[in-house]
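We call the chains A, B and C, going by the order they appear; numbering starts again at 1 in every chain.
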Amino acid sequence: MNPPLLIGAGGPVIPNFGGSSHQFACEKANRLFCWDWFNHNWSTTLWPALRQHVVLVVIAVALGFAVSMGLALLAHRYRRTEQPMIAFTSFLYTIPSLAFFELLVGIPALGLSFWTAEIPLIAYTLLILFRNILAGLRNVPTEVLDSARGMGMSRRQMLLQVELPLALPAIIAGLRIATVSTVALATIAAVVDNQGLGVPIISGIDNYYFKTELIAAGVLAVLLAIAADSLLVGTKRLLTPWTRTRAV
Amino acid sequence: MASTLGNDASSAVSNPIGGDASSALELELRNVQKRYPGRREAAIPDLSLTVPAGEVCVLVGPSGSGKTTAMRLINRMIPLTGGDILLGGRSVLERQETELRREIGYVIQQVGLFPHQTVQENIATVPRLLGWPKDRIDRRVSELLELISLDPTEVGRRYPHQLSGGQRQRVGVARALAADPPLLLMDEPFGAIDPINRATLQDGFLALQEMVRKTVVFVTHDIDEAIKMGDRIAILREGGTLAQYAPPAEILERPADEFVADFVGADRALKRLGLATLADVRLPPMNGDEPVGDVPLTMSVRDALAAVLAAGGRPLRVMSSDGEVRGLATLDAIGHVFDGSSEALSEASPAGRAADEQA
Amino acid sequence: MITNFVDAFKFIFRNGQIPGQPHFTTLTYYALGTLKVTLIAMAISLVIALPLGVWLGHRHRGSFIAINIGNIGRALPSLVVLAIASAFLGIGLNEVLVALVVLAIPPIVTNAYVAIDEVDRDLVDAARGMGMTDWQVLRQVELPVAIPLLMAGVRTATLFVISTTTIAAFAGYGDSLGEVVANEASYHLYGLLGASICIAALAMAIEVGLALLQRALTPVPLRRAEALAMTDETLVPALSGV
């Protein structure tokens, strides 16, 4: 259901998403945050929005990571491709989010849909992920590579057993940045695809009187970002035991 | 620094690792040439030498002499542009690169231990690549750790950054020995270590080599290290030509040309003294004088000379390890070591034999 | 599909007018409006954030704050900041500027901090040893070397600001290109596309301008082809895993 984007509308508009016409006391009292409204509308509005948001972000980062990994491995092998790839991913990054979303709306195959939102989100992750994966691979000390090769590892074995594991800290750092940024950017995706936490935020944005919806969704978005970041930090600690201790 | 590499292990381990020289192979470089594209001069124009199985061959020379290049040609880290290299009679060119390298131990100066793996996992690298069963790998890793005097339970699970420089070097050697290769390549392995610990590491390696008897190609720029470590020394000139290939004693006594003589150093007579111990010298018997101090029979003649000088030139009493008096170390006796008279040098030492040949 | 984009370009050439409709505000006006807001917001942000980041980096202090402010800034959805600003302050140029400054400061501070902090200590040491004062070291050694990473932060911030300015239209701020995008009813799809193309073009033009500025500021020996890359992210904090 598409909540109307009321721009400059006057008068208090308290979001009513159908169903209950119950009005809470705090709504009328117009305090900053109405817990009753929150609790009542959690399952109908906020929780679905949160779920959709998570889906948006996870798919964007996962696909972005897959593409970036492919590009980075190519650039690692064929150095000449690095500059063009950086230029390309930077180019995508430069397109302001709103413009990017809207331009894809112009493509009939996409229109207003899930993928209209996803493609720009994926595109924005490419630059940071590509650069970090590549930097991580490049930062493997040369003597480690030399000894690995000298011991008889094939190229593939070197990549899988030595280079990628050692690149993990940089890769995960990139994933953190990409994920947090995507959580924030996905709120704008609501403009073209009626999903995610952006929906309650946008509908609440010009509502001067009732701010609970906006605050609730906004806080949820930030909490989601923090949660995702912490999850990734934990993953990094798990996967890179050698970074846990200090040098002797 | 910990005790020498071999001593603890020989009592703890009943079967010495890789045991006999039969597991080592002969290495032959036959007209080896390395030419880089676009350069007029070849890095190595034509190098031929043979390292007998179980011996340590040291490649030594100034920078630009191609010693590291020559070593890296053996395990094909650098492609060969001419000639052939045979390991145990088989050309290295016949084999697949990665397969060949798994059969050659490789130790480099910065070690290159994998930072993301424990000591145990590092050592187990080649056995894992070769597909050994897990318990065989575990046993081998423990064996090797004990061999290099590191406690498997304590050090095994540590990461490289938690080890000292010397420990890392030893682990590097253990890692190279893990799959019991017939040939070991070492590129300035002790170069990054401070002199005191370096001596300990060198002694340790020599003790190890005593037990495992691998064919070793050892690269260094330090002539003293070459003399200490090598059964044979290959001196390379700038431009990659072989100046002389011979055991240390021969190089010290009869340097092939001026270059070798210069490279070995003007003090080569003193270096020669370092090759023999007092046991190899015919010592004059005790006279009536009171000696001012004792020196052990196992001391090198060079160190004995230093001790006598420190004592103001006065003679020192030479004691064997079981407390017997063997004679006097005098300036005179030491001074006549090389004059070809068989009175001063007993025939047992290589230096003595060479002196006899000269006479 | 092509018709949509063709119409979009026609829309642009007509400077935002639609035949048969009453006079709309021109695209030029909106573009200039976007530019104006961006400039003011960046000016304010730079004045606040650059000295702060540079000083912290120079003193090698406050790394926790300097780096985490970047992380927090990244996590703040621009919409939320706009919404909060508009909800509490109303809608107008100043209120939007507040939101923009809040969003622009973090990347500038973080990058400036890291850029200066990570200047080779040996360089600084040598400079001090030659008798340079603190200020001279900063101006003649640290800043020039730090330009690439520092400018990367400025460029990132500028992109944020341009982006958010256009989004502000949804919060009621009408003087930017985003106003067109927010009014599909009036402008139709092709109008939206046209405005979006303008937004993208404007952003790229500014990017190129900043890249050239960066090149001009980088001391000649340090210039490499990389300096012309369109955008840099804060790579170093990323690598240090903070």
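The rule is short, and it goes like this: contacts are C-beta pairs under 8 Å (C-beta built on N, C-alpha and C of every residue); 3 or more make two chains touch, one makes a residue touch a chain.
Keep in mind that what you see is a predicted model, and the values were worked out from it rather than measured.
Colleague: By CA centroid distance, what chain is farthest from chain B?
Modeller: Between chain B and the rest, the longest centre separation is with C.
Colleague: Compute per-chain Cα centres, compare each with the mean of all protein Cα atoms, and return the closest chain.
Modeller: A
Colleague: Between chain A and chain B, what is the gap in Å from one C-alpha centre to the other?
Modeller: 58
Colleague: Starting from the mean Cα coordinates of chain A and chain C, work out the distance between those two points in Å.
Modeller: Roughly 19 Å separates the two chain centres.
Colleague: How far is the middle of chain B from the middle of chain C, if each middle is the mean of its Cα atoms, in Å?
Modeller: Spacing between the chain centres: roughly 62 Å.
Colleague: In their complex, what parts of chain A are in touch with chain B?
Modeller: For this pair, the touching residues of chain A are 141, 143-154, 157, 162, 165-166, 240-242, 245, 247-248.
Colleague: For chain C, which residues count as touching chain A in their complex?
Modeller: Result: residues 1, 4-5, 8, 71, 74-80, 82-84, 86-87, 159, 162-163, 166-167, 170-172, 178, 181-182, 189-190, 192-193, 195-197, 199-200, 203-204, 207, 225-226, 229-235, 237-242 of chain C touch chain A.
Colleague: Please output the residues of chain B touching chain A within their complex, sorted ascending.
Modeller: Per the stated touch rule, the residues are 75, 77, 97-103, 106, 108-117, 125-126, 129, 159, 161-164, 172, 175, 185.
Colleague: Can you list the chain A residues touching chain C in their complex?
Modeller: Counting only chain A, the residues touching chain C are 5, 7-8, 83, 86-87, 90-91, 93-100, 102-103, 105-109, 127-128, 131-132, 135-136, 139, 169-170, 172-174, 176-177, 180-181, 183-185, 187-188, 191, 197-198, 201-202, 204-208, 211, 214-215, 217-218, 221-222, 225-226, 229, 236, 243.
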